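Each of the next two complexes has subunit A plus one other chain: subunit B in the first, subunit C in the second.
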Partner chain A sequence: MMKLENVGGILAVVVLVLIQGCAAPQPSPDLLAPTDAQMKIRSLQTRSFDIKDRQLAMRGVIAALQDLGFIIERANESLGLVTAARFAEPNFYDVVGVTVTVRSETDGRMMIRANAIYNNKPIEDPKVYQNFFATLERSLFVTKN
Partner chain B sequence: MNLVSHQRMLAQFTRLPVGAGWLNRWLLVGFCLLLQGCPTPYELRHVNQWDSREQIWLSEESQVKIRTAQSRVFDTSDRRKMLATIVSTLQDLDFKVEVLDEGLGLVSGKKYVENEQIYGLDLSYLLYQPDTLLVLNRHDRTWGPFTHRSNLVRLTVTVRKRNEAQLVVRASAQFYLRAVEDPAPYQQFFRTLEQSVFLEGHSVE
Partner chain C sequence: MACLAIASPFIGCVAHTQPDELFELKPESAANRAMQTRLFETKDGAELLSASAAVLQDLGFQVEESVREVGFLRATKERSAREYGQDITRFVVFLLSTPLILVQQPPILMPVDLHQKIAATLVTRPVNPETTRQEVRVVFYRVVWQGGGSSGQQGIPPGEQRMEMLRDAVMYQTFFAKLSKAVFLEPFAL
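Entry: the complex of A and B
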């Protein structure tokens, strides 16, 4: 049979752990720091398109997001920002949020960058972004012609 | 029962193993903690904020010190480009931009972080019913109009003119419903912002 002193010791440890858990969590110094994963996928999230008109590019982005079943939350033309969200398949409990920015490069091209977040985790799968840009290309083609 | 036998019984009672007394004491401590509501899982433990006015009094550090840590001067007068850079920095940091006002020079965003692992199975997750008013999932606490998340980070960045050639950027973050008063996260943020200002400056010229 276990000695009572041992039980006391175990309880002491448990209580210490509990006390530690009582304090409100402190923000970590890396709260606003970019992650390594983000640096790696940055190039996948960015693509340059041969369009001169910024508004046309914005329309294309909005149309592509609509094609993918997103609901547009906000769009700012002058700063080139579109955010959208949708519930994720199959059970529609989870939320996918997207932020897309459109920026003009020097040589009459537009740089489009998309960030997707699944619930609270950034999506790091390159396929997702490839899909998005494929849809965007199609949508830009349709909008242009 | 005479006095002697009573005393003997008492003596026997007090001569119980030493550990039992300790056990009782620890049990008492544990029970007090239970009453305080501490050993419940993290998600059940955090405070519901019923009155947002409480937040006004939450700051503990000197305002001047915080403001200095939150502000940074940039040697550019192009306000719009600075706003666009801030938006792309927020993208770098996995924030979702929620508010953007060019006239006011204001960008706000939010993101969720993993801040504490739950032990074992989270029962509240199984109770989650998306079509009811009461939402009990891992981080959301919703009861009618009241909702908040334990892992939410909110960030507001403002840009204003300092003089003809300079802009002041101020960032303020909130975590666990409190203002972030530690200068370290802000230093990280401005480091990222400076890098992307640098990159941008070179990509346009």
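Entry: the complex of A and C
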């Protein structure tokens, strides 16, 4: 008798799993909605600079990345894009990639946003972006004067 | 537990640099910058960029990407990476490991470098507000592909890739000597 109950229980679980498997998972309606975490990362990655000339800002970005030992892979002046990468020296297996966008703001300032990845995983550590912007600030100051 | 204790020092040998350290200027950053950079007294940034492209072409590079507005060039060349030294080492290691046959193991065949792609990225930019002085910064690096080999019963398939920055000062000096000839200007070091 006990044995039969056990079999019944297992069958019930199997049937439940099968039914669950048949139903396609519904995407939640807020799948693409902005989350607090996204906003936080965006604000970490973005900084506004008191520069009017976008080309000057881009040259500053390129110089800062070169100072940090990055290899500039691509630059697009009309879109204000710079893509660069470097190895996590001393090992040459891990790669850090960064894309920087330079956009004009309405009040004559430049908004600079950096997105960094470490071996295809996004970097969310605030320290990384703080260090990058510290170097960029120095480079922009040198470029301006 | 004991196994872990023994293994941990070996795991520690593989250095993993934290990402935030990679976005910091290092003491050697200034030295690298000085080696990779020269200043030229000219107003014409475009001329300097096209002369740089010509020098890279003279050195056998193919220009792959160029953006005049921000003074950017990227060029590559592919060459053989064979070195006699590596072949000799491979042979010596093979000879020394032949006694492994006695324990039913094949001798060790070290993989050697076969092919390489050398790349250069170059950026020119004005360094003063009157734009009478331009800076040229060039960075060389290479990607190396290795051939096959074997270690014990384990075969090492060919095609393993390795990349490295080229930090040989003579290479940069040669490049800038050619560039200064091409633009008829005397370069200044930082």
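Keep this in mind: the second predicted complex is superposed on the first by the 105 of 145 C-alpha atoms of A that agree within 3 Å, B and C clash if a C-alpha of one lies under 4 Å from a C-alpha of the other, contacts with A are read in each partner's own complex, and residues count from 1 in each chain.
We adopt the following convention: a residue touches a chain if its C-beta (ideal position, glycine included) is under 8 Å from a C-beta of that chain, and two chains touch if they have at least 3 such contacts.
These figures come from a predicted structure and were not determined experimentally.
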Note to self: Contact-wise, after the overlay, does A:135 reach subunit B, subunit C, both or neither (first, second, both, neither)?
What the structure shows: second
Next item on the list: Figure out whether A:63 sits in contact with subunit B (first) or subunit C (second), or with both, or with neither.
Entry: second
Notebook entry, point to check: Thinking of the overlay built on chain A, is A:52 touched by subunit B (first), by subunit C (second), by both, or by neither?
Noted result: neither
Next item on the list: For A:92, decide between first (touching subunit B), second (touching subunit C), both and neither.
Entry: both
Next item on the list: Considering only touches as defined above, state whether A:125 meets subunit B (first), subunit C (second), both or neither.
Entry: second
Checklist line | First (subunit B), second (subunit C), both or neither touched by A:76 | finding: both
Next item on the list: Would you check which partner chain A:40 touches, where first means subunit B only, second means subunit C only, and both and neither mean what they say?
Entry: neither
Next item on the list: Indicate the residue numbers of subunit A shared between its subunit B interface and its subunit C interface, in ascending order.
Entry: 74, 76, 78, 92
Next item on the list: Using the touch definition up top, name the residues of subunit C that touch subunit A in the complex.
Entry: 14-17, 19-20, 22-26, 29, 32-33, 36, 65, 67, 69-72, 74, 119, 121, 123, 125, 127, 129, 137, 139, 141, 162-165
Checklist line | subunit C-facing residues of subunit A, complex | finding: 55, 58-59, 62-63, 66-69, 71-78, 86-92, 94, 96, 116, 118, 123, 125, 127-129, 131-132, 135, 142-145
Item checked: Sites on subunit A touched by subunit B in the complex -> 3-5, 7-8, 11-12, 14-15, 18-19, 21-22, 24-35, 38, 42, 45, 74, 76, 78-81, 83, 92-93, 97, 99, 101, 103, 105-106, 113, 115, 117, 119-120, 122
Check: In the complex formed with subunit A, which residues of subunit B make contact?
Finding: 17-20, 22-23, 26-27, 29-30, 33, 36, 38-39, 42, 45-46, 80, 83-84, 87-88, 90-98, 100, 102, 111-116, 128, 130, 137, 139, 151, 153, 155, 171, 173, 175-176, 178, 180, 182, 184-186, 188-189, 191-192, 203-204
